[in-house]
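In the two assemblies presented below, chain A is common to both, partnered first by chain B and then by chain C.
Up next, the complex of A and B:
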């Protein structure tokens, strides 16, 4: 991946994550670094929905080793996690 | 509705139906009365590879898709809700281990679960904790050597009396925590709960933990994620197979009601000619198809890895369980006094259907929760 396409992919990843998360916090303008787990109870299945979205949307697998809440706590954190996973999986 | 299945799924469906008709249905009333599942019945399921059907082939399972697993749950549910419950809890445990278990734990346990050498049970509910799983009080603490210690009491554990391994969710300093615990661990004791209203052969038990030591490597996911991720993953699959089990109850009610209404003569005609009997059977007929379609859709989404699968499984379970409740009540009503007595299976379906509206998210929990999915799907999209 070139630097340009990487940057574009990152923007796109961030936008897709933000769009998905806005469904859960419709009356709140979610900031990129805001901790979503501190915004209060969403639903009991929210964590699994977020894992499922991440895997389906970006074609990656969230392994047991990846299961740190910090990776999922904000738009920026999830963006960084997805980008790392995608880069690790990309052919070199 | 077989047109919605692949040729392979259709073939599986035929085999599952034959197995349920030959090895399960003829014995289900006897198991219900004895309040026991004979070990041979579990062995038969295992020998057919049915207990490991959804476990990945890399771990010795059948690697089947979700729709195929659903078809199996439906056929078992038609024959015996207790045995279908075994499939449900066993596959919930295997799924949670596969999803959030460390690799060595998967390599040890998944082949055993796939072969049915070890039967898994889910130990979350407690005397004072049901729907609110995050409020479990069973204590999980760390020993000085880094291993875990469990103290507490789990209740209503399906097949808890005979299971070989338990997926236990308790409370550690970090929050809800999930551990895989072998039955033979010192300090673990079970006690059968008899005289349940339904799934009476399901060997439901109290499970007591007194200073039970568990290796550090038996942790699933992370401490604190035992409900949100581990129980969440298991419950999602459980709702899916329970939904299908309810499709089976609907089918069984329809079979019984249509047969009885055709043979029973009152006022000079078979009661199938009576309008109010027809109304009950019409509702059952429509409900059975609607429930099956919802379950098929939940399976299709699950197979596609679609995040909408979670909402679909809840919706399917909610509808199928409530529909099974209606169908079982009507099937008993159509059978009249015979439905209230011991000679027809509809009495069993009625008790089983009550349990279906309590487990894997009560009807009321879904009535509150499904709206959340509706709001999510309709929330205004924010573009950045």
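Up next, the complex of A and C:
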């Protein structure tokens, strides 16, 4: 993969996460680094939906030890987590 | 042995004598009405898997005065195994908790082949159904007698949600939900035991306790046994949550946290857990929770982790999670929460 396409893939991941999260915070212009868990009540349903979205949208498995708030708390945190998981899963 | 939660009925030559599309004047088969009524009073639900014309079949059920017994009827020309699966999904219950009644050996075999865990019953044996051990829940509580109406209210909510435009949270706000948390009273114990036995998906440990054990916890000064109830503009959901907390000197341990799967989409697991976090914080103690993973209770693990818990110990299959004492959850804006003493 060239540097250009890597950058494009990263932008794409971020955009898909931002688009998904914006559905839950429609009146709020969500910043990349904003902590979504401080914006309001985090229901067990939202938590599970976010984990399922991450797995299905990017084809990765979120292991129990990956289930840390810091990986899911903002657009950029989730982007970094997904990118790391995709890299670890990619054939070398 | 699994107790049956729902019986799925064929119609032609099973619920009524004859084939509706050949003879519009079909009559109820003897004994069927008694079976419908008896199981309904035990909290066992009824549904339908029939290859038929849906409008004609529903009109006949209404004319026979039994339409209200059946929820999520599957009346179409597709396979019965698909219909049985659709019923389990519509109720959000395990397919192993269904029974299927049909006069045709071919249909029973087709369902049995696709879903070996479904109890298949010949329509000739219909009068034996109430006596089957699978049809005898351990307790019949106020909630179980009302179960059909609770699910009927759920269907009306679902219909309202389907036509709702806007976010899930806006829909939840439109329900005017009232959530109550209080110590279990003696009259709650049968329902509490029923919840520990019936709940798989939203159950953090899967521990089951007998009526006597729960009663002992209820009286024990070292334990809190809490029951949660929920209602909204469509009516009550009944008692839908249970928590057992062991109160140590410097830490409380949640031994049991469970929620009925009917309220999964309401996010109430976090609300009950949030109450425990705030109560422990107010008492100046740590809050720990036991967790036993199964292939179905991942939502509970996510609930704990996203509420600020981390794993601090593991003993065999039991993990011990501990709250960081920092993230104190609020109350969701779309819900009234009342804590009773």
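Keep in mind that, in the parts below, the second predicted complex is superposed on the first by the 89 of 92 C-alpha atoms of A that agree within 3 Å, B and C clash if a C-alpha of one lies under 4 Å from a C-alpha of the other, contacts with A are read in each partner's own complex, and residues count from 1 in each chain.
Please note the rule applied: a contact is a pair of C-beta atoms (placed from the backbone, for glycine too) under 8 Å apart; a residue touches a chain by one contact, two chains touch by 3 or more.
For clarity, every value in this text was computed on a predicted model and none was experimentally measured.
In the overlay built on the shared chain, the residue A:72 is in contact with chain C alone; chain B does not reach it.
Once the two complexes are laid over each other on the shared chain, residue contacts for A:40 go to chain C alone; chain B is not touched. When both complexes are overlaid on chain A, the residue A:15 reaches chain B alone and has no touch with chain C.
Once the two complexes are overlaid on the shared chain, A:24 sits against chain B and chain C alike. Touch criterion not met for A:87: it reaches neither chain B nor chain C. In the superposition on chain A, A:48 makes contact with both chain B and chain C.
In the superposition on chain A, A:56 makes contact with chain B only, not with chain C. Comparing chain B with chain C, the partner in contact with more residues of chain A is B. Shared contact residues of chain A with chain B and chain C: 23-24, 26, 42-48, 51, 64, 67-69. Those residues of chain A whose C-beta lies close enough to touch chain C in the complex are 23-24, 26, 37, 40-48, 51, 64, 67-69, 72.
Across the complex, chain C meets chain A through its residues 167-169, 264-271, 273, 293, 298-303, 305-308, 310, 327, 329-333. The touching residues of chain A, counted against chain B in their complex, run 14-15, 18-19, 22-24, 26, 29-30, 42-49, 51-53, 55-57, 64, 67-69. Partner chain A is touched in their complex by these residues of chain B: 99-103, 133-134, 220-222, 224-225, 227-229, 232-233, 236, 304-307, 309-310, 314, 369, 372, 375-377, 379-384.
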